[in-house]
Amino acid sequence: MTETLASVDIRSLVEACATTISAHADELTTLDQAIGDADHGYNMKRGFDALLADVDTLAAKPLPDALKAAGTKLVMTVGGASGPLFGTFLMALGKELPADADRATFAAAFGKAVDAVAARGKSEKGQKTMLDVFYPVRDALVSGTSDAEIAALADQAAEATVPLKAIRGRASFLGDRSIGHMDPGSRSSALLVRAVAETLGA
Amino acid sequence: MKKLMNSVGTILIDSLDGFVAAHGDILVLGDEHKFVRRKALKPGKVALISGGGSGHEPLHGGFVGHGMLDAACPGQVFTSPTPDQMLAAAQAVDTGAGCLFIVKNYEGDVMNFEMAAEMADNVATVITNDDVAVENSSYTTGRRGVAGTLVVEKIVGAAAEEGRDLAALKALGEKVNAATRSMGVALTSCTVPAAGKPTFDIGDDEMEFGVGIHGEPGRRRDKLKSADAIAEEIVHAIVADLGNAAQGEALLFVNGFGGTPAMELYVVYNSARKLLQAKGIRIARSLVGSYVTSLDMAGCSITVTMLDAETTKLWDAPVHTAALRWAM
Amino acid sequence: MKKLMNSVGTILIDSLDGFVAAHGDILVLGDEHKFVRRKALKPGKVALISGGGSGHEPLHGGFVGHGMLDAACPGQVFTSPTPDQMLAAAQAVDTGAGCLFIVKNYEGDVMNFEMAAEMADNVATVITNDDVAVENSSYTTGRRGVAGTLVVEKIVGAAAEEGRDLAALKALGEKVNAATRSMGVALTSCTVPAAGKPTFDIGDDEMEFGVGIHGEPGRRRDKLKSADAIAEEIVHAIVADLGNAAQGEALLFVNGFGGTPAMELYVVYNSARKLLQAKGIRIARSLVGSYVTSLDMAGCSITVTMLDAETTKLWDAPVHTAALRWAM
Amino acid sequence: MTETLASVDIRSLVEACATTISAHADELTTLDQAIGDADHGYNMKRGFDALLADVDTLAAKPLPDALKAAGTKLVMTVGGASGPLFGTFLMALGKELPADADRATFAAAFGKAVDAVAARGKSEKGQKTMLDVFYPVRDALVSGTSDAEIAALADQAAEATVPLKAIRGRASFLGDRSIGHMDPGSRSSALLVRAVAETLGA
């Protein structure tokens, strides 16, 4: 990640996120078919396609405002559990991020945004949800890990949800039968972390 | 995938357009298909709003009308609606006495309705969670809201029509929900249009016991049993869970999941009623039909609501919706 | 074969027992399951009796009650009932004004009702044959009676309630039948319980166009088309067959075959109503649901009945049966 | 067929008919599945099982009365098209048969019974129905063909319905698609003819 976020290219970020979600939509839905209701890929794609359609408006805004607008857009288009959660994440991030954010203030804002997700979801780490990716990423940001390492770490964190038993989310209805499958929301979170890391690192 | 549709992208709006056109005497469609609402509102009445993922028709749109809901917000298939839908619906049907949201207990539904409630004024929420299939639910997401939601909507809808206030309706909704238990069994999987293939694989001689209304796995996969055996296990689970409440009069509701013909639903009803009667419960009211479906899934659920004089009277009260209609 | 049942040998009686128990407020079961009849008869009213093979539920038992049938005789699955059933039903519900038999045009049904009519007194018969799928039918058995039978039963039932006599009711039934056309399409086959396997094989991308309500083959096997394309061909066939009668107001009835969810039926309704409107026909009344089914078959039929002031008024008249209920 | 029918063993006849129908019920239903509604075997089995259950009563009657009672029983248990038709056949046969029937009066009564079926069914020969077996059998009876030959001839007559296009019965809804399949009611008629021929010839 660049030292200051002032020069971030919002258009590239939106495009990178929408591209990876679109490319992996079927995979995400298949993951959700195993332990959920087979809609996660379509939900996410609907939301990020909507951001892409709005990219001119978003790119014209300062970063915090763009994040808030993007979060609201996700809330209004995604639905399901992931809509309010990813939406809350971006809205909170935009709210917490100072206009002149640097690496340290970004890490702090990211942490608050993750907490906002946990509050909205009444969930915590270890319950086989997207938080199992968000929290490790936050920790890495706080400790100054490189962008490339963070992307790899997010993938591992998603992978690490496989042996977990779901306590929150739709997969929790399965009890022990949720064990042995990757959490779809963790996979999409890792995809987004990588897309952002690679865009900022480029 | 075999569906009567024009395309995966248009199936929902085509269906909603058809639905509102067929019932144009009582229903109006909101802008951008955000909600379906009653044509004639009743000033001063608390507005009842429900909604959820599509694919459960006639729930919820089929229960909009006199004596039941004021508006229903359809999400994408099996995906909860977004808060702007509930907000737009509330704006359209709140005549000053506030809105009661009736929400099935899924995190997606709960969070989206919650966000809408935070943005709107004077909203109370009832969460339905009648599915006893989910065991050890106390430390997780809790139980799912399934077919029993219809019973809550009907009884609370009748009370709203009588002019009760928001707090009283919320309390009544929670009382009915607490008196209601359901459990289902699937013989085949549903196919989500966008997914294009069945949600789960199931053998020719198997059933999914305790299935959810989105084709979520249930208690276990088992060999297909007789209707009597299926009803026995479900009725046993329901009665055990009701505990001391399992006495007196009940509503017995056998619900088809979309791909099950009426002949089979009545077979299951017949098994269930005999079992309940043997346990000393009197079947005071009955409902049999495909009201809370899972797209084209074959199978059914059994719902029991323990009734008292108040809820029986409200169940019997006039209702005029697309899917439930009596006494008017 | 996956069915919610106890055994092939008991599915029918279990289902009938459940059906009559669930609707015990309005229905009574005849001895030996020979018929289902109204609980409260109306002295001096012509009795309407229908029946046919089982597997089409709610037809006909679901249409017994005030404003529609007085009794229905269920045969074995897809097998017409036997004359003793109609005789017993006539004995039970004839209050002196005679009986009108409403019979779908299948040789089995026609012959069995005919034998019953020969043995009973004061019976008239209306034969329904609304299915336009059967081409060149003039030198064969003729057209099949399908979903349009519901429309005949509803409208004639309302007129019987008004006190019209047997000859007038027969004439009215023939008039409604003459104003009614239907055609269906199947996406999957039904499975007759006793046969244990699907009646016909059909590819994953195929439909049976013009299928009958017993899974009989139709006009042709074709690739599955869009709802718009299916509705277009059916509406075209119906309107062409109606000829000059295809103008003014109509009832549009989209009927599910048992395995088709409401979402898809409303998609087809939406396609059909636009096509009819484009042809200048006004959709004055609508009905959408699985009312005349073929066990678990997926698919639907479209029925159009041209209405006039008399038949519209009779359609709107109060009805209280297990499957159709309004205005009471 | 024996020269006089006075000594006919009604019990054996009923048993032979019920046995063959039961043994071929699945085959009859499969034939009906191809061009009808997949119930012919069950319909026939239901009827002949009912005759078997009543065999004591039937065997105690004179042949004409037994035939009439059996026909009525079929009408009241079979349903469908085959119930009224086979029922009418037996009822008419019983009505037409003199108490002291011989081969010639039996052939005449059989002919009248077939005509009664045609009247009830509003049908005639060549329309791919049971009449396509009944009429050739009548002709053979009239011309004094042997029992064994009649049984073979009935089988051939059923076989000969394969290339016909159905004009009556449920198969007529198929138009040209009814061609190439044996008519189920013709098959059951041939089975019954053989059972009766073999019982009388034994």
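In this document, chain identifiers A, B, C and D correspond to the written order of the chains, with residue numbering beginning at 1 in each.
The rule is short, and it goes like this: a residue touches a chain if its C-beta (ideal position, glycine included) is under 8 Å from a C-beta of that chain, and two chains touch if they have at least 3 such contacts.
Remember, predicted model here, so these are calculated numbers, not experimental data.
**Student:** Distance from the CA centroid of chain A to that of chain D, rounded to the nearest Å?
**Tutor:** 75
**Student:** Can you compute the centre-to-centre distance for chain A and chain C, using the mean CA position of each chain? Integer Å is fine.
**Tutor:** Comparing mean C-alpha positions, chain C is 54 Å from chain A.
**Student:** Could you give the separation in Å between the centres of chain C and chain D, each centre being the mean of its C-alpha atoms?
**Tutor:** Spacing between the chain centres: roughly 32 Å.
**Student:** Which residue numbers or ranges of chain B touch two or more of the other chains?
**Tutor:** Residues of chain B never touch two or more of the other chains.
**Student:** At least two partner chains per residue is the criterion; list those residues in chain A.
**Tutor:** Expected reply: no residues.
**Student:** Treating touching as the only link between chains, describe the layout with one word: line, ring, star, complete or other.
**Tutor:** If you draw each chain as a dot and join those that touch, you get an open line.
**Student:** If you go through all the chains, which pairs of them touch?
**Tutor:** Contact pairs between chains: A-B, B-C, C-D.
**Student:** Under the stated contact criterion, what part of chain C meets chain D in this complex?
**Tutor:** My answer: residues 53, 75-84, 106-108, 111-112, 114-115, 133-136, 139-141, 144, 192, 194-195, 199-200, 212, 214-217.
**Student:** Quick check on the complex: what are the chain D residues that touch chain C?
**Tutor:** Listed in rising order, the residues are 29, 33, 35-39, 42-43, 46, 75-85, 120-121, 166-170, 172-175, 177.
**Student:** Touching chain B in the complex: which residues of chain C?
**Tutor:** By the definition above, chain C touches chain B via 2-7, 11-12, 14-19, 21-23, 54-55, 57-58, 62, 187-188, 204, 207, 224, 226-228, 230, 258-271, 273, 283, 286-288, 290, 293, 295-296, 298-300, 325-328.
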